[in-house]
Amino acid sequence: MTKNMSVDICGVRLKNPVMTASGTFGSGAEFSEFFDLNRLGAVVTKGVSSVPWEGNPTPRICETPSGMLNAIGLQNAGVEVFSKRDLRFLSDTLLPDSGAGAGSGGILPSTKVIVNVCGHSEEEYIDCVEKLASERRADLLEINISCPNVKEGGIAFGTDPKGVERITSAVRRAARQPVIMKLSPNVTDITEIARAAEAGGADGLSMINTLTGMKIDVERRSFALANRTGGLSGPAIHPVAVRMVYQCAGAVKIPIIGMGGIRTAEDALEMIMAGASAVSVGTASFNDQRTALAVIDGIDEYMERHHVSDIRELTGCVRDWET
Amino acid sequence: MKYTQKAKVLGCETIGKNIYSLRLQADDIAGSAAPGQFVSVYSNDSARMLPRPISVCEADGERGILRLVFRIAGAGTEEFSKLREDDEVRLTGPLGNGFPLGEAARRRVLLVGGGIGIPPMLETAKRLMPEADVRAVLGFRDELFLAEDFPCEVTIATEDGSAGTKGNVLDAIRAQKIEADVIFACGPAVMLRALKKYALEQGIGCWVSMEEKMACGIGACLSCVCRSVQTDEHSQVKNKRVCTEGPVFRSADIEI
Amino acid sequence: MTKNMSVDICGVRLKNPVMTASGTFGSGAEFSEFFDLNRLGAVVTKGVSSVPWEGNPTPRICETPSGMLNAIGLQNAGVEVFSKRDLRFLSDTLLPDSGAGAGSGGILPSTKVIVNVCGHSEEEYIDCVEKLASERRADLLEINISCPNVKEGGIAFGTDPKGVERITSAVRRAARQPVIMKLSPNVTDITEIARAAEAGGADGLSMINTLTGMKIDVERRSFALANRTGGLSGPAIHPVAVRMVYQCAGAVKIPIIGMGGIRTAEDALEMIMAGASAVSVGTASFNDQRTALAVIDGIDEYMERHHVSDIRELTGCVRDWET
Amino acid sequence: MKYTQKAKVLGCETIGKNIYSLRLQADDIAGSAAPGQFVSVYSNDSARMLPRPISVCEADGERGILRLVFRIAGAGTEEFSKLREDDEVRLTGPLGNGFPLGEAARRRVLLVGGGIGIPPMLETAKRLMPEADVRAVLGFRDELFLAEDFPCEVTIATEDGSAGTKGNVLDAIRAQKIEADVIFACGPAVMLRALKKYALEQGIGCWVSMEEKMACGIGACLSCVCRSVQTDEHSQVKNKRVCTEGPVFRSADIEI
C-alpha cells in the first residue's frame, strides 16, 4: 500500500510526524550512534539561551513510577556554541530533501530541525531568537515558556494568559522562522493559554511540558532533587497530555505537536487522534535510544493494517464510544 | 562504539550479603569494554524507565562474557538479583571513559576500592598486569567479597576489624606504608575525598570514578554532571558529565 | 521500642495515620473479607449524595501506566440507604476505643469513619450534610468539590477560590461534624484554593483528587471511557500529590490528609514528611486489598528502624539535600 | 469466602493461536471455585495496577489445581502467556456468582460458548454431568480449542465453515434442531444478545456471563456495572455490578 506519513507543521513539511522532545535528545549527536537521525520527522534540540547557563545542582533527576522528575535547570552552552557546534553537526548529518518519494510520488522532505529556546526574561528570549534568525539550519523555533525549573521567567510566563500573549508576540516579531509556543500543563485551563498564544501570533503549539512534582528520600528525610521540585515526564503523564491536546485541538486553529509519555506507536496515535499534527518522544528515549524509530515503524504498521493511506486522516479522528 | 543489546543471563549468584555476581552473554559489549567503563542495565519492569549504571567488573572479550557485581540498593537491583539463567536483560555499553591505563604503564599503581566500588577495580587489575606494578587496597564494612578474585597483591581494610587493618582504606595504606606513583579509585565520596587529599600531599596522580544519577547514560540529558574546576569544553560551564567525560576523572579536576 | 502512631485530625483522634481513599473502598464491607477494618486509622466511604445517583455509562475505567482513569460519575445509593446500611455495617464492625494503649499507655482510639459527600449544587451538599448531622458513626465529613466527572457542580467549585470559600462556609454552617475539604489538583495554584478553603472555615484538607486525563482506544478510534475524560489516580500521580501537599502545608495551618498514588509505606512517609498529618490509600488497594495494612506495618517498621518514637516527629520534616 | 494468594505455575502452554492454558497450584481458590466464577489475576509488572478477570476453566479442588484458559488481548495476558513452571502469580478468587447449577438439575441444559467465552463452560459441563442432560454448542472463528476436553456431546460452529456448521452458534442450534429447557452462555455481546432473543422466543430460561472492565473485582468500586431492568437492591439504581451480582445474569434481567 502506498502511504503518506508526511505532515505540514507551520508551513514546514516533515517526512513523518515523529520528533524528539527537547532536552531528552541533546542535539542528536549522542543518539546518532544508535540510529540514523534522517529517519526522524524532526530533531528538536535542547533548550538554548543567549548565554551559557549552569543549570541546577545535582541530584537533578530521580525515577518515579512510569516516569521521572527532572530539574536540569536548562544547563546549556549558549546560542553561540550551539550554532557553531550543534547546528553544524545537524547540517552535516541531515541529508537534503530526496526524491525517494512519499506515497504520491513527490519529494520526501529532509529531517527538519526545531530549535528550543529558553530565557530568564523577555529580552533574553528576543536576543536568542535574533541570534538564530540567520541560521538556515533552524527550520522552526520552539519557545519554552513553561520550564518549571527556572526561578525568573520560565513558568511565570507560562501560566498567565496575558504574559503568554505578550511574550508570543514579542518573539514572533523578532523571529524569522515560524514560532511554536511550548505550553505548561500546570494550569487550571490549558485552552485559555493556548488561545492566548494563538492571539499572540504563534504558528503552532507544543504540549505538554512537565507537570511539577516532588519526591522525598525517606531514608535521608530530604528532597530527592537538590531543586526540591522537578518536572514529571514519561508514560505516567500521558493521559494528562492526551486530554490537554484534545482540549486545545478544539480551541485553536494552529497545529499542535503532542508530547508527554509517548513510548509506543499506540501512544503517538492517541495524540494524533486527539488532534496533534505531530508528536515528540522524550523520556522513553532514555529507556531505549531507538524508541522514536519504533514509533515511526509502528505507525507505519498501523496504517498498513488499517488501510490508512494518509496519516492526516487520523488527526483528530477520535469518536465517542459505541457498544 | 556503543551497543544496545539483549544479553542472556548465564548465571546470577550471591557472593556476599545483598551482593550479587551476574554473568551475561553480551558479545558486542564484552568485546569492547575497558576497565572503569560501565553499562546501563534496563529493567524488565515497565514502570522503571531509567537505566541502572553498573560498572564492568570483568569483560571476557573472547567469550563475549560480561560480569557485573552489584549490591541491592533498591527495586532495580533487587529485580536484577532475581535474574535466572536464560533470562534476558537489555544493556547499553560500554559507556564512559574508563581508567587511563596509559598513566600506569611501568609504574607503581595503587588500585583502591571501597565497598561496592570494588568491582571495577578487578578488571582494571587484570588489564594492568603484568606490565604495571599493581597493588590493591580494598575496604569493606565487615564481610569480604571479590578480594580473592584479584590477581595482584591485596591489602584489606574492614571497618569492624574482622579482617586486615581495622579502619578505612587510607588507614590501611598508612599502616602498610604502601607507596605508589599513581592511584585509581572507586568508592564512596568520603573515601574519594580523602584520597584526593592524600594524593595531593604525596604529589602523585589520582583518578577517581564518580557516581551520579543518570537518565540517558550517553551524554545527552545533562542529568549526571559533577562540578569541575575548569570550564568544561562541552558544557561551557563548570559541569562535566559523569557518563561521558567520566566516570573517571583526575581528582584534581573536579569537586568531590 | 514504644511508638506512638496516633494522630489528631480536626480534633478527632486516629489510632494511626492511614485510611482508605474515598471511592476505592466502598464502605469497607467488601474489603472486610480480606482484613480487619479495625486496623485502619479511619475508613473513608464512597461519595454519597442526598439522593441516589446513576453515575456514568460504561466503560467507566481504564488502566494507564502505573495508574488508571476512572469516570464512575459518583454512582451511589443516596444518603438514606447509606445511613441505614453502610453506617450500620461500620457501627457493627468497628470496635470502640480500647485500653490496649498507644505508646504513652493511653487509650487506643477506635477506627474512625469519614463520610465523603458530593452534590450537584450547594443545596444538595447542604441537604446531604444535614441528613448526616445526627449520625453518630460519621466522625468527620470530607466534602468532594473536585470530582471531575460531574457536569454541574463538582469540578467547577473546586477550581475557583471564591466558589471554594463559599461552599466551604455553607457546608461548615450546616455540618455538625468537622469538615475536610477535598481539593482538585487541576489548578494553576493549589495554595490559593487551600487558603480559600481555610478562609471558609474548613477544619482540614484532603488532597489530591484525580488529575483529569484521557485515553484513546486506537484500534476503535474512540475514547476509552464513555465519559471521554476521567480522573487519573495511582502511583503515576504520586509526585504531583507530594508536591501539592508540600506547597499547602506551607500555606495553611489546618491539617492535611495526603493521598495520590500511595502504594508503600515509603510513599506514605513521603506525604507525611511533606507535611500531611494522615494519608489515604486508594488505587493501590485495587492491586492488593491489603495495601493499607502493609502501609501501616511498613511505617511501624520504619519508625522502629529509625528510632522514631512519635509519628508526629516526621510530619513536615523534609529538609534540603546535602551531599 | 474470597482468597488472595500467590499461586505457583504448574505449566503454561499454547492450545491455539494466541490461546494459552495455564495450570496453577492455588489450593484455597481451586478448593472453593464454582463454574462461571472468575479470578482476578495480578500482573508482575508494577506499572499494571489492575487485575485481569479470567474465568475458571477447570478447578480440581482435591488437588488444588486451577486451570485458566485465555487469549492474548493486550500486555497483561501477553505477560501471563510467558509464565513458566515455578513462576508465581497473585490471584484473588473465587469471584462472582457462577452459573445457577440448581436451575439445570434434571433438565436439558444447553451450554453455549463463543470464542474465548468457551473456557467457563468446561467446568460447568463437568459439574452438571451426569445429573443433567448436558449439550454444548461451541462457536469458533476457525481453529478449534478446548472442544475435545468437554465431557458431553459437543456441536461446533465455525465462521469459516472449516468445522461443524458454517456460521455462528445460533446457526448451529437451528441447523441441529437442538432443544433445551435452559441455556447457560458465555461469549461476545452479539452472541449473548441473539441468545437472549432466542430464549425469549422459545420461552426458556437463559443465563449469560457478562464482561466489563474491573478495578477492584470485589464489588467496592462500581467500575463494572451493567444496566439492569429493575432497580438493583445494592445500588438503588438500574446498575448491577458484574463482579458481584454477576458475571452471570438471567438474560431477561439486564440490557445486553
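Letters A, B, C and D name the chains as they come in the text, with residue numbers starting at 1 for each one.
The working rule: contacts are C-beta pairs under 8 Å (C-beta built on N, C-alpha and C of every residue); 3 or more make two chains touch, one makes a residue touch a chain.
Note that this is a predicted model, so its numbers are computed, not measured.
Any chain touching chain A that also touches chain D appears here: B, C.
Taking the mean Cα position of each chain as its centre, D sits at the greatest distance from chain B. Averaging C-alpha coordinates per chain places the centre of chain A 35 Å away from that of chain C. Centre-to-centre spacing of chain B and chain C amounts to 46 Å, using the average Cα coordinate of each chain. Averaging Cα coordinates per chain places chain B and chain D 54 Å apart. Residues of chain A in contact with at least two other chains: 59, 65-67, 234-235. Counting partner chains per residue, chain B has residues 46-48 touching two or more of them. Viewed as a contact network, the protein chains are fully connected, with every chain touching every other.
Per the touch definition, chain B reaches chain D in the complex via residues 45-48, 75.
By the touch criterion stated above, chain B contacts chain A in their complex at residues 1-2, 4, 42, 46-51, 90, 92, 212-226, 234-239, 244.
Contact residues of chain B toward chain C in the complex are 46-47, 189.
Interface of chain A with chain D (complex): residues 65-66, 235, 323.
Note for the complex: chain A touches chain B at residues 23-26, 30-31, 33-34, 46, 52-55, 58-63, 65-68, 70, 72, 75, 77-78, 81, 234-235, 283-290.
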